[in-house]
Amino acid sequence: MSEYASINEQLDWKKAEVIAAGVDSGAVSSKAVILLDGQPYAFSQIRTRMPKESAFSAINGALAKTDLELKNIHYLVATGRGRTQVPFARETISEIACGAAGAVRIWGPSVRTVLDAGGESCKVIHCTEKGRATAFLWNDKCAAGIGRYMETFADLVQKEVHEIGNIALQSEQFPKLSDFCAVYAQSEALDSIRSEVPLEQVIAAYHYAMAKRISTLVARSGLKKDFVIIGGLAKNPGIIDWLESILNVSRLATKPEWDPTLTVALGAALFADTFYRRT
Amino acid sequence: MNKGKFLAGLDAGHVNTKAVIMREQEILGYCTVPTGFDVVAAAQTALNDASDNAGISRGELGGIVATGIFNDMIKVPPLNATGTVPEYMADAKGALFLNKNSRTVIDVGGNIHKAVCYDQKGDLVDVVQNDKCADGLGIFYTTMAKALGLSEQEMTELALKSTKNLSIAIQCALSAESDAIDLMCQGTDIADVADAVSKFIAERVADMCTYMSLTKEIVVAGGLAKSQAIVKHLQSLIRQDVSVLTHPEYVGAIGAVIGYGGVK
Amino acid sequence: MKKSSEAIIEEFRHITENTHEYAKSLQGKGRLLAGYMCTHVPEEILYAAGIIPVRILSAHESQAMTRSYIHETYCTFSHDCAYQGLQHNYDYLDLIVHSSSCIHMGEAFNVWVRFAGFQHKSFLITYPHIIHTKHASEIMVESYGEFKQFIEEFAKKSITDDDIERAIKVYNQTRRLLKRLWEFLRRGNPPVAGREVAAVTLAAQVMDKQECNQMLEQLIQRLEAEPGKEPSGVRLMVTGGACDDMRIFDLIENLNYSTNLIFTDSCTAARYFWFEVPEDRPDKLEAIAEGYISRIPCPAKDNVPGTGEKKRFRFIRQFIEDYKPDGVVFVYQRFCSPQSMDIVALKPILDMLGIPWTELELDTTVPISLFGTQLEALVEIIKRVAP
């Protein structure tokens, strides 16, 4: 997972009427998005250690690129699992509502189903054309941690996590691994290595198994187009391609100007913008 | 120096490959290398580094005795292991060598954990291994340390400071991780989270131990034995005293040499 | 001095948090105690013999002992109940009675009998799985007859029809009082909170019903005189399996939004008492069988032969009509197949009624940030929150 911060240097915060921000305190990474009059201005993403300290790091990371200070932000909404640990948030909103809002903002009003495949959990969110969440399904415990386990798996096979997705697509044939549980799949993958299965095939097999696991969540929840995928796993082509193939659906492509992992933080910032305008 | 006197023990496991250089009853050098994907490469590196630590060259080795789940890859060229010793036997012989009074070793490794009971000669009496749901405890521990931003040493030090005795689900590493993250998101002190993680690992190992009668004295081996917090919980859960072997993760490699009969 | 409603509720809650202490105090008064795990046990027969039935509850702490006794993938509730036995936490019980329910709880019961010292102080009542037929009633009457005989030998006294009738009336009174208590929650702003009612209901399952009835009567009297104090928030109904962890109900009413728990359909709540045993019938065992068959069924027992209909769903629809929830929270043990299968069938019904829902998968502990997030997301959906 890469940590970064960046800003849109064409905007000037001193001229903005509404400076709104969202912080997404996720299990694996913490993200911050700052909007000026609804336009994206600054963002950052850092590794989560303890939620409170990481929330500060995330917002400070975004601010550091500007000469904006935390106190200049008119309204800040926190979301994500660790949202109650963000002391400088004015309000908290669930990542379900934020995911829906962010997704429609990024991909437009045709979005109806959002798969948030994050570090610690996967959820399927159904939304209206205005980005209002109408229903959701959270993964069961047996499907927890798929995102983080991808990193663990990459470490075990001594590859970078951003490489293995592409490697996974290189094999057409590969052994079958348990597609119910990541612990079993990982163990079986390690055993496959012992049986001298080529590395690329083991990586492909693991990705297929995890994609299958995630696909059952989507199938149970129901899928209405247009379909988008957000969260860290949205950047893993191995998972995405297999998911699309298993579900027989194409997702809308990632937008170049928006890292899909920032979608929920963006949603929080949009809420902040709205809440400020209402006061 | 007599060439035949140096023997290397090699224990290639799911997560780490361990090499030890011995001469008679003396341990001269050792090294651990991540197994990664290329077991043979890992084994070569481990052997080279262990030899360096022992102050000898690879050429001086009289032979390599292999154990561990990947030992079949080590039997063939280029490593050409002199012989192999099954893991349970290696554990028993190694543990007995390191502690003459021991009769049970609980080996908590990267992906697998097991308990082996043996007699005064190190011959097997009984064996139990974890069920599949409890795979990957070592991997989980490393992952959690990373998630908490701690080194493994820091994890155990913090865990020992906790007084809360929090519970997290113990069905498997996934449930434990899910609950540990939840604790963090509730603002729980990192020491208490580290302790809950350590206790989870100990509980799964203790659970395995309920399948078999453990004979005293009980020793603990494997990479996770280096965590005092885990050992403390384990001792309390199985309600018996345990001691940690020196060189806990090398027990298999040492036992391979001993078990092969390389040491008279 | 008259006790306030808060004081009475606190007494009930104290009992749920100190069940062993309470049970032993009953023994101290010379009473015999029989533990039970599932609610299919005809408590009236025990009560008629002067034995107090006490529900066995779980401790919600991680433990490392039961996997060599019960399979890994059996629900945590069954593991936890088995553990309580293996830990000798319930050694003081004179008897343990089980009435075949599901395989997970059946194994927990087996653990108690075979490994926890209850071999000679246990009884397993045959309870059919298909209860919605005439034959079921016949089997149950026969089964209850065997049970009655066993209890008479065990307690060394004969159980008369009058004894049973008295027990039926005491138990029916408990049922009516509990129903009355839950009915306060139908109001827009009730004088009592859902989490408090849940705690009182759980206490009732481990108490001597006569004592329980006295306390319930007092409590209801106070509440009838009190104005509504709980703020009117989003109305949430819980439906699912056994849930004896009050922290879940506390959480439901302690979110970032104003919420009210207004009904709980589970065997540790409504399914325990939402029925009556017909009174003043000549055949007491038949009356008990009829009463227990008429209950909201446990999903493990709910199958109408030939149609595959689920009778529980009728009850749920009625509760929805009467209690008017804004949202439904499914609460079930991880690995519980019967509950999960019911949930699969219930979701389309709720979708059709336009009622949003979420699922909370129960395990050893309550993951507050996870469950809190799911519940708040549900409330936001109900309140149509959007930027």
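List of remarks:
Order of writing sets the chain letters: A, B and C. Residues in each chain are counted from 1.
Everything below uses one rule, namely that a residue touches a chain if its C-beta (ideal position, glycine included) is under 8 Å from a C-beta of that chain, and two chains touch if they have at least 3 such contacts.
What you see is a predicted model; the values in this text were computed from it and never measured.
When the interfaces A-B and A-C are ranked by how many C-beta pairs touch across them, A-B comes first.
Of all the chains, the one whose CA centre sits at the greatest distance from that of subunit C is B. Centroids of subunit B and subunit C (each the mean of its C-alpha atoms) stand 46 Å apart. Centre-to-centre separation between subunit A and subunit B, using Cα means, comes to 36 Å. Centre to centre, using the average C-alpha position, subunit A and subunit C are separated by 40 Å.
In subunit C, the residues that reach two or more other chains under the touch definition are 334, 363, 369-370. Among the residues of subunit A, those in touch with two or more other chains are 81-82, 84, 121, 141-142. For subunit B, residues touching at least two other chains, in rising order: 133, 169, 175, 178, 182, 185-186. The part of subunit B that touches subunit C in the complex is made up of residues 131, 133, 167-171, 175, 178-179, 182, 185-186, 199-200, 202-204, 206-207, 210-211, 237. Within the complex formed with subunit A, the subunit B residues making contact are 14-15, 34, 36-37, 39, 69-70, 73, 111, 132-133, 135-136, 139, 142-143, 147-149, 169, 172-175, 177-178, 181-182, 184-187, 190.
Contact residues of subunit C toward subunit B in the complex are 60-65, 67-68, 72, 76, 334, 363-365, 367-370. Of all residues in subunit C, only 256, 334, 356, 358-359, 361, 363, 369-370, 372-374, 376-377, 380-381, 384-387 touch subunit A in the complex they form. Those residues of subunit A that touch subunit C in the shared complex are 81-84, 92-97, 100-101, 121, 128, 130-138, 140-142, 267, 270-271, 273-274.
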